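Sharing a structure, written as structure tokens. Questions coming.
Just so it is clear, A, B and C label the chains in written order, and each chain counts residues from 1 on its own.
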Amino acid sequence: MSNLSEHYSPATGRRLGLLIIIMVAIGGVLTTFWAKTRWWFPPVASRHGADVDQLITTTFIVTGFVFFFVNLALGIFVWRFAAAREERAIFWPDSRTLELSYTLVPTAILITLISMGAVTWARVHSPVPRNALRVEALGQQFAWTFRYAGPDGAFGRTAPRFVSRQNPRGMDQSDAAGRDDIIVSELRLPVNEPVVVLIRSSDVIHSFFLPNFRVKQDAVPGMTTQFWFTPTRRGNFELACAELCGVGHYIMRGRVVVDTKAAVDAWLADQSH
Amino acid sequence: MTVTHDHTHAEHRQSFITRWIFSQDHKVIGIQYLMTSLLMAAIGGFLSMLIRMQLGFPTWNFYWAQWLFPGGFADFKMKPDFYPAVVTMHGTIMVFFVLTTALSGGFGNFLIPLTIGARDMAFPFLNMMSYWLYPPAIVILLISFLVTGGAAAAGWTAYPPLSALRNAVPGSLWGQTLWLVSLALLIVGFLFGSLNYITTVFNLRARGMTMSRLPLVTWAQFLTAILMLLSFPVLFAAVIMLLFDRHLGTSFFIPSGLVVGSQLVTHQGGNPILWQHLFWFLGHPEVYVLILPPMGIVSEILSNNSRKPIFGYTFMVGSLSAITFLSFLVWGHHMFTSGMHPLVGTAFMVTTLLIAVPSAIKVFNWLATLWRAQIRFTSAMLFAIGFVSLFVTGGLTGVFLASPAVDIYFQDTFFVVAHFHFVMASAALFGLFAGTYHWFPKMFGRMMNERLGKIHFWLTFVGIYATFYPMHFAGTAGMMRRIFSTTQYEFLRGLAGMNMFISVAAFGLGIAQLIFAYNFINSWIRGPKADRNPWKSNTLEWQTESPPPHGNWGAHEPTVHRWPYDYSVPGATDDFIPQTVPAVPAVSGAAVDESDGKPT
Amino acid sequence: MTPTTAPTLERKRPGPPGGPAGPGWDRGFGQPDRDRDGDAHRVPLARIAVWLVVATVTLLFAAFTSTYLARRMEPDWQTLQMPGILWLNTAVLAVSSFLLEWSRREGLKQQLPRLRAGLIIATVLGVVFLAGQILAWRQLAATGIFLASSPHSSFFYLLTGAHGVHILGGLIALFYAVGKTRTTGSVEAVFEPAATFWHFLGVLWLYLLVLLFWI
């Protein structure tokens, strides 16, 4: 036979309430601030990345408040209403006003977030500027290669029927525009110039992930996806694969160098010989 | 008069086999589902320990692991080609073979007929079939560890072409085929089950048990069954097409012009994105299949142990229904970076953020239920309160991932891993534990050890936060999912210490579950006998014997006179009034309101 | 936050069980009235079940349809010539369905021998349909069009195959109904669900025919 009265334990309520308040509500917020100093986003290096970071910060603030106060309330309620046996609970099954208010307030907050998110999303996916540098990235198990259009500024034609082991891109050898295309294993981009990356894969799905540039776009075999952005900082950056693509998924790393336009042009000219 | 009708086969002579193995009794089937799921949880949990070993301690030697998996380890360290298989099997087992089967198969089977006052499910034979498709599915899935190439390794989402081309990853050689066949069997079982649940709730409710008097736990199971009935056939279609692609030369998901493993692929013109649409059309409802039943379980336990009516029954049912409906419209948020049109992304963001509203209503209603309650801290109640905290934490990170611009960064990072481990793994697991502690007396007629239950709770609650909360920061730092090692990238250099911490916490969390296993088995064998209604609960299942006899109710089915949440009703002598208690004469002078058990 | 008007015990008295449903969530579902003669007023379980089966099979084919339509958009799509025998098969299935409905009506008029005759012929026609479908496959294969030959042929075999499997299920239900008519006069519980499913499969076949060859 169970003894129910032993479960009316104010001590347990105090313990659990304190645990939720200290470990979850306060601890959760404090560790987030601590994490900001150690494990936060890699330094942003693209124009739209700043917008994205702004949106992330806003979302952190909004959700952080909700997180803190809801867990705080939970902790306080658990502590406070861990009543002794004699006190009886109130009979309170419903309150339309209260329920409507906590339907409408979250709805309003979410609509605000939706609008902000939609604006940023539309900006990220705005039309590609006319002067953008075009680079094609090809994901293969387990490396990235890149194709620049070369001096003529036009990519050679590709089609699935030309694909072979030696020609994973499926380049049409008869197309003159393809003769001067430059295929390299690292991505070099001019600073402050828009670039559009055309992303392809020749085997399985990969994901083109540039943490610093806040860029991620799947490389889907059979189609070309794209992402345009403007690098704002010079330096060396990393390219990762973010979608499980096989045994070597974790080593599918690429190198990205952002430099002045002149330096990138000179490097490109070097590669074409 | 309601007398025993054709569902009573209490008088049948039953051998051990028909009673406990090939039983058609919903209670036995529910317990079978629950026990099998707990066994699978041990396997799935063990696999997660292997993952954490590799991520936390990549340089250590694990002698015993090499002995256990001679093919997966070399020099006592995990091989990179074993890791994706471990990740895949962990996810698959936990989602489909543990949480779905335990929460829907286990608690659904056990509770639906008991809470609605029925003697059994509408189709007991179909119910038995539903369970008996599950063990073969398990065998097929686990055998895949032993076949050439090992177990499936394309993730629990099995994105083609990785899962479609046999030389794309070792697990795609044979393991993936077994994975698909196993899943197909399991899906058929789920469909049998949900067909049964819906029909039962529609048709076998006891006298007076209107839908508005249905306990929330039953509502949740009912809506879950609808979700499963409408979403699993879509995955079934996808599974069939992927099997065709793998073995019959079709090209539904495999595009032309691929070179895999230095071989030209001969398939022509399919589209791998189609799989993603089909998969997530199931996959997103599936996460609600995992979370709706715990929501129901927790609502029940919170109300019962607060000694208060659940706050806002109507809104609770409404929000469950809204979640059910909306969950069919949000699948695209798993595919923001797959190359969809930006406007489609915006549409999915709107639906996804809207589904947060009913979730918020539920959280606030649970809080309001605790307000001025008289809380009783049973182990079940501790886990139910823990559920609320975990659900809030996990739900809020969903707000990030619902926004496509933010998701660009977080997609496929550990932030996502943290998110779904909070909201659908930990929270669902807490629902499972809460439900087990609460209904164990009814299932086995014995009480679980509450002292061990509480120790189990404290360790698990702290362990879960210690394990999964830091994963958010692995995500903000950019760590990708499903990577074997973080050492290849400079931007992930700083994560070694954190991964070690997470792993230690995870090991602790894993070990703490042994307490539960011991408590479960020990209480089953020698726990103190439980009486009918140990928690002083209102719902019907507590008004019969523990465990209920075959046919549940003896000679007469119960008649229902009130809703299930009459706790601490002013003027009543007890602080609970079971649903079977008829109306007592009104106290002098007051008008009788005929509105069905809920005050206006 | 305490409500100003605390609900009192007597406000909580629900109406008599089985009485008119109060306002709330049960409106529309209704409570089966089991007061009088047991189960007589309840919807037969099999009728609910068959509609749920229809729902789940619909979703299965909706999934196939969505991939089919998406795949059709691709430029390399080549349309298959429809095998002529499908016209015949369609006619057979339609007659089968009509016969089933006719025999149901005869059954309502208590014309049990007619019911039985109609049911048996409808079932036989179902078997003929299935045989005709297999013949269509063989004809196609004879012209060198196999499962993996083209996207359209893949979908043709997949969709007709999936439909065929369900036809097989429907035939089992019909056979079961035929067996039931031999032993018992009342066939509602078995006959009606089987007929519902069979009509659904007929409609599904017309839909697939239109989907595969006319759009």
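As a convention for this text, contacts are C-beta pairs under 8 Å (C-beta built on N, C-alpha and C of every residue); 3 or more make two chains touch, one makes a residue touch a chain.
If you're wondering where the values come from, they're calculated on a predicted model, not measured in any experiment.
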Seminar exercise, completed: The larger set of C-beta contacts, choosing between B-C and A-B, lies at A-B
Exercise. Which chain is in the middle, if each chain's centre is the mean of its C-alpha atoms?
Worked result: B
Exercise. So which chain is farthest from subunit B, going by the mean of the CA atoms in each chain?
Worked result: C
For this session: Please compute the C-alpha centroid of subunit A, do the same for subunit C, then give the distance between them in whole Å.
Result: 45
For this session: Could you please state the distance in Å, as a whole number, between where the Cα atoms of subunit A are centred and where those of subunit B are centred?
Result: 27
Seminar exercise, completed: Between the Cα centroids of subunit B and subunit C the separation in whole angstrom comes to 30
Exercise. What positions in subunit C touch 2 or more of the other chains?
Worked result: 1-2, 6-7
For this session: Check each residue of subunit A and list the ones that touch at least two other chains.
Result: 90-93, 95, 98
For this session: Please set out, as single numbers or ranges, the residues of subunit B touching at least two other chains.
Result: 256, 269-271, 314, 368, 371-372, 569-570, 598-599
Exercise. Across the complex, what residues on subunit C touch subunit B?
Worked result: 1-2, 6-18, 21-26, 29, 31-32, 34-35, 38-39, 42-43, 45, 48-49, 52-53, 55-57, 59-64, 66-67, 70-71, 74, 76, 147-148, 151, 154, 158, 162
Seminar exercise, completed: In the complex, subunit A touches subunit B at residues 1-2, 4, 6-9, 12-13, 16, 19-20, 23-24, 27-28, 31-32, 35, 38-42, 51-52, 55-56, 59, 62-63, 66-67, 70-71, 73-74, 77-78, 81-83, 87-95, 98-99, 102-103, 106-107, 110, 113-114, 117-118, 120-122, 124-125, 140-141, 159-165, 168, 170, 202-205, 207, 209, 211-212, 214-218, 220-223, 225, 238, 240-251, 253
Seminar exercise, completed: Per the touch rule, the subunit B residues reaching subunit C in their complex are 2-3, 5-6, 122-123, 191, 195, 198-199, 202-203, 205, 207-214, 229-234, 236-238, 240-241, 244, 248-252, 256, 268-271, 274, 277-278, 281, 314, 317, 368, 371-372, 559-563, 566, 569-572, 583-584, 586-587, 590-600
